[in-house]
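Take a look at the structures below.
Both complexes shown next keep chain A, but they swap its partner, so chain B is in the first and chain C is in the second.
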Partner chain A sequence: MATLRLNGIRKCYPNGITALHGIDLDVGDGELMVVVGPSGCGKSTLLRTLAGLESITEGELTINDQRVNALEPAARDIAMVFQNYALYPHMSVFDNMSYALKNRGTPKDEIRRRVTETAQLLDLAELLDRRPRQLSGGQRQRVAMGRAIVREPQVFLFDEPLSNLDAKLRVQMRLEIRRLQKRLGVTSVYVTHDQVEAMTLADRLVVMNGGHVEQCGTPMALYERPATRFVASFLGSPAMNFLPVTAHRGGVVLPNGNPVALPVAIPEGRAATLGVRPEHLIEATSVADATEVLEVTVEMLEPLGADTLAYTRLPGLEEWLVVRLDGAHAAREGQRLSLAFSMAHCHVFDSQDARVPLADTEAQACQ
Partner chain B sequence: MSAPFQRHRITPWILMAPQLGIVLVFFFWPALQAIEQAFYVEDAFGLSREFAGLVNFKAVLSDPTYYQAAGTTLIFSLAVAVGAMSIALLLAVMADRVIRGARVYRTLLVWPYAVAPAVAGVLWLFLFDPTLGLISGLLGNMGIEWDHKLNGAQALALVIMASIWKQMSYNFVFFLAALQSVPNSLLEAAAIDRAGPWRRFWTITFPLLSPTAFFLLVMNSVYAFFETFGTIDTVTSGGPGGATTTLVYKVYQDGFVGQDMGASAAQSVLLMALVGGLTWFQFRYVEKKVQY
Partner chain C sequence: MHYRRPGLDRLSHALLAVCCLLFLLPVWLAFTASTHTLGALYSQTAPLWFGEAGWDNYRHLLSGSIGGLGTDVLTLLINSTIMALGIAIGKIAISVLAAYAIVFFDFPFRRLCFWLIFITLMLPVEVRILPTFEVVADLGLLDSYAGLILPLIASATATFLLRQFYLTIPPELVEAARIDGAGPWRFLRDILLPLSKTNLAALFVIMFLYGWNQYLWPLLITNDADYLTIVVSLKRLLTSADGLVPWQNVTATAVLAMLPPIAVILLMQRYFVKGLVDSEK
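For the complex of A and B:
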């Protein structure tokens, strides 16, 4: 079992592009750390530096407090599941899974025992003689997992392993990965661009953007207290609504003059951004603490079954205001709705897009 | 076939006609003539001929020089195919790893293919000329007596080298393309799976190159059998003492130098059968080892 520590990891390419600007991260023993971010944010590069497929320009990488910066991938005792699975096409499933063990010189009968065990764990026992080409997408994915598991490595690395599967299989394999990881208790780093996958799998979540770590913490902590506007917009679907506001008399004012009584410490007259998730916009009639009521017009409806998303507009404002309504709600396009912010769930970001703590609610939450 | 194609029944034939015409005139017609001629005995001036049944075949098959040529062909073809393919693979692997100036290397390595066989032959002839050759001079300084005009083994080695040099470029292009189509993630996965560079090459890269290698094996065999004629003719003319007379060269010698059309035609027919059989064998047995 292993702990993984990244200390100021920087990665610069010879062409002058810096992919990672000093990443600090601690992955605990048996923890499943999910790295999430948009494409090009450096998350795959980060994983490849952990694997040893990319060199580290600066900083220190340790596994179990042992510095591994200069070690070859083979010597790091890690296993990686690739996005395209990278199964050896000319080898049977058995040979694919036993390749690493053979390279290590493991005795034949032990290889057979371990591969058989792993195959049973992953429901692959019937497929051991097949070639990767003869398998379905989901089966290939399981073989790729099996190839990693059979080695009993210190660390698992997952590089978007589910992105080539269809939606249904993705949900199924997500649960499977979660179950296996908990059962085997192997320290894991999982890279994805899918925020749902990230939220559901992670023990802890790292949101990356432009080669920086934006925030790290448990999924719910990041969801409820996003440190930056980027994290707020990246997690949650549909995305958080952002409205430009100006600080005024200890609260903020919407561009149309609508005041919102949020206790934020921003100098008077300074511009800021108010963020509120679609589920935290509530019909005014049903909420007690709805201090400020907004009158909006429903312009479009997206019925999702359990919920209906209403795309509404506040008079005098460019931005959509997306509201999550109950699926049974009788809203029609063109209808007017009275909405209230759920104050405890509002976020204010300053002009640098960093979160500004709210005096009252934050204090309550900390108690 | 869809309707628009149905209406143009003649167009495809017109488009293919030039190619078909060339194949018919330069391949099928001579081949059929050779088969016909193999059963006739003709006088030296080509004025009269008479049907002779299998006499030509019997004469060829009881001629010891024919077996000598067959042996030479075997050694020559094997050496050329193995040599040209392994050197090309080595060069392709190295060129694949080069990042700076890769295009220059690749272009330079392809050039020999553009050289005509006879010109390539003359080039090597100059380099190894016993009296004024550059390399033969160097070999002489090292105490190696080089005279391919007298030494049969050296003559064979020389035509083999020239033929390999010429064919290598062709193989290089195919091997390089195949190497570049091996997904990088496979090699990365193998590196993580504790396979060193040497083992990665033999257990991952090489098996994935096998379809290309098989294709090249067939092409190189055909090349060694037929297309090396120009090189052999300019470098050694089949000598000394028939040491570099391959089967195809003997067809030319007996037919166009010795004017024995019947014997030459019979040899052509045997050669066609031999190469056909070899290609069948390669597809039947070697292809099974190929990983597609």
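For the complex of A and C:
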């Protein structure tokens, strides 16, 4: 059981590129911390510095309050699951799983006991004699997990372990990883670029961008109160709609001149961005207040079954406005829709893309 | 590729058969000639069928000292085998380590080291034979196995081939091994060598044949009949006889000289196939 603490971790490569600009994070005992971000944001580099595969240029990394900056990967007592599994192709599943133990000089019967136990846990008992190439993608993935679990490490590191699986298996393995992690209670850091994976797995979520941590918190906290426009756009699928607005008399004005009353503290006349998620745009048939209704034209429909995504356009606006309609909705392309905002779910971002808190709806909700 | 053209099939098989016969003919002639007596060989044209003296010829070569050579063929075979094995194993050992260092370790002038090794391809034994001889003579290695083997033991070709293979090994595999606590030597032994089994078998065959067929270098540095190799002795047999060339001895020695390389190829062939079936990256 372990806690992991990152204190101002910086990573600069010899060619002058800085991949990490001072990362501060605390991962609690038994916590599953998911690091998510677009490719090139430094999330994999972060994981590799934790593993010891990359050196740390500056800052301090501690596991259980012990500084491990200079320790070899094997000495840090961590286990890593790689994206392409990195199984040893010439070894049987058993040998793959026991290799680390063997290198550590664990007694033979102890190795056998632990591998058998782990194989049982992962449903691999029948496959112990096979070679990796004789396994399906999902099985290989489980062997890679098994190789990590057998070692009973302080920390698990996952480097996009599900991205080589097909969609159905991915969902299945996602649940499996969650279940195992909770059952074993091992502190874990999980890197992914898939925001659905991130939301569903995480105890806490770290959104990274350009080598910085944009925001860290529980998935729902990040979803409901994204600190920056980047976080808002990255989490949630389909992505949040952003409308350029101008601050005006205790609210904002949409580009088509439509005023929206929002209790937001931005100086009069300043440009800002209004963010609304597709699921928070409600069809306004039942809403009485006509001033906050947007008249849009449906240009394209994407029926997903349970929901239908409507790509609509507001007159005088370049961007699509995506609306999540009920799957049974009878919308047709070319049809006009009246949409109302769900006030509590609006987000306003200032010109620096930082979120401006809404005065009355949120003061009590913020922690 | 698979075409449904029976005519083409038959034609290509016929062509293959003719070529095989063409390649086999000299070998066959040597083999048949080695079973005749000297007198019989000189009294007729090249015989296409076996004679009666085969057993005697081979026994004579393997047991007693042969005129003009001062040693028996068994010694020659052993010498050649030691030299070829030494060269093949030495080349592989050195190339494995060199390629390992060049691919997996980060040290200053790594690329330069690789290119320095690579350009030695332009300097075969024949080009550097005088300085090499000088060095070997100064070291007192004339007429010794070490003298036969050491100057031929470095191989840019093998280093290059192994480097190309090592470069295809996914970096995650190296990292996984590192996390699993495998140090450099353990990684080499447990992961790299088993994975390159096929390549090593192929290299071994090539290098064994290279060593076996060495002519100029052994010719230069061996005077003592105890260190003579079989390839060199073949030429010596042709010239050393006082009168008639002992063709039955020459051909029998040639046939014997072919056996170890054939054995090595047949033995290693199993590993190629096994390696191809077993391993996968």
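By definition in this document, the second predicted complex is superposed on the first by the 358 of 367 C-alpha atoms of A that agree within 3 Å, B and C clash if a C-alpha of one lies under 4 Å from a C-alpha of the other, contacts with A are read in each partner's own complex, and residues count from 1 in each chain.
The rule we apply is simple: a contact is a pair of C-beta atoms (placed from the backbone, for glycine too) under 8 Å apart; a residue touches a chain by one contact, two chains touch by 3 or more.
Quick caveat, the model's predicted, so the values are computed rather than measured.
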Mind checking the superposed model to see whether chain B and chain C fit together on chain A or clash?
clash
Considering only the touch criterion stated at the top, classify A:W320 as touching first (chain B), second (chain C), both, or neither.
neither
Touch test for A:E72: chain B only (first), chain C only (second), both, or neither?
both
Which of the two partners, first being chain B and second being chain C, lies in contact with A:N84: first, second, both, or neither?
both
Chain A positions within both the chain B interface and the chain C interface are 51-53, 72-74, 78-80, 82-84, 86, 88-90, 99-100, 103-104, 147
If we count contacts the way the header does, which residues on chain B are in touch with chain A in the complex?
183, 185-186, 188-196, 199, 203-204, 207-208, 210, 291
Show which residues of chain A lie in contact with chain C when the two form their complex.
51-53, 72-74, 78-80, 82-84, 86-90, 99-100, 103-104, 131-133, 147
Can you tell me which positions in chain C touch chain A when the two form their complex?
170, 172-173, 175-182, 186, 190-191, 194-195, 197, 278-281
Residue ranges of chain A touching chain B (in the complex, touch as defined):
51-53, 72-74, 78-80, 82-84, 86, 88-90, 99-100, 103-104, 147, 151
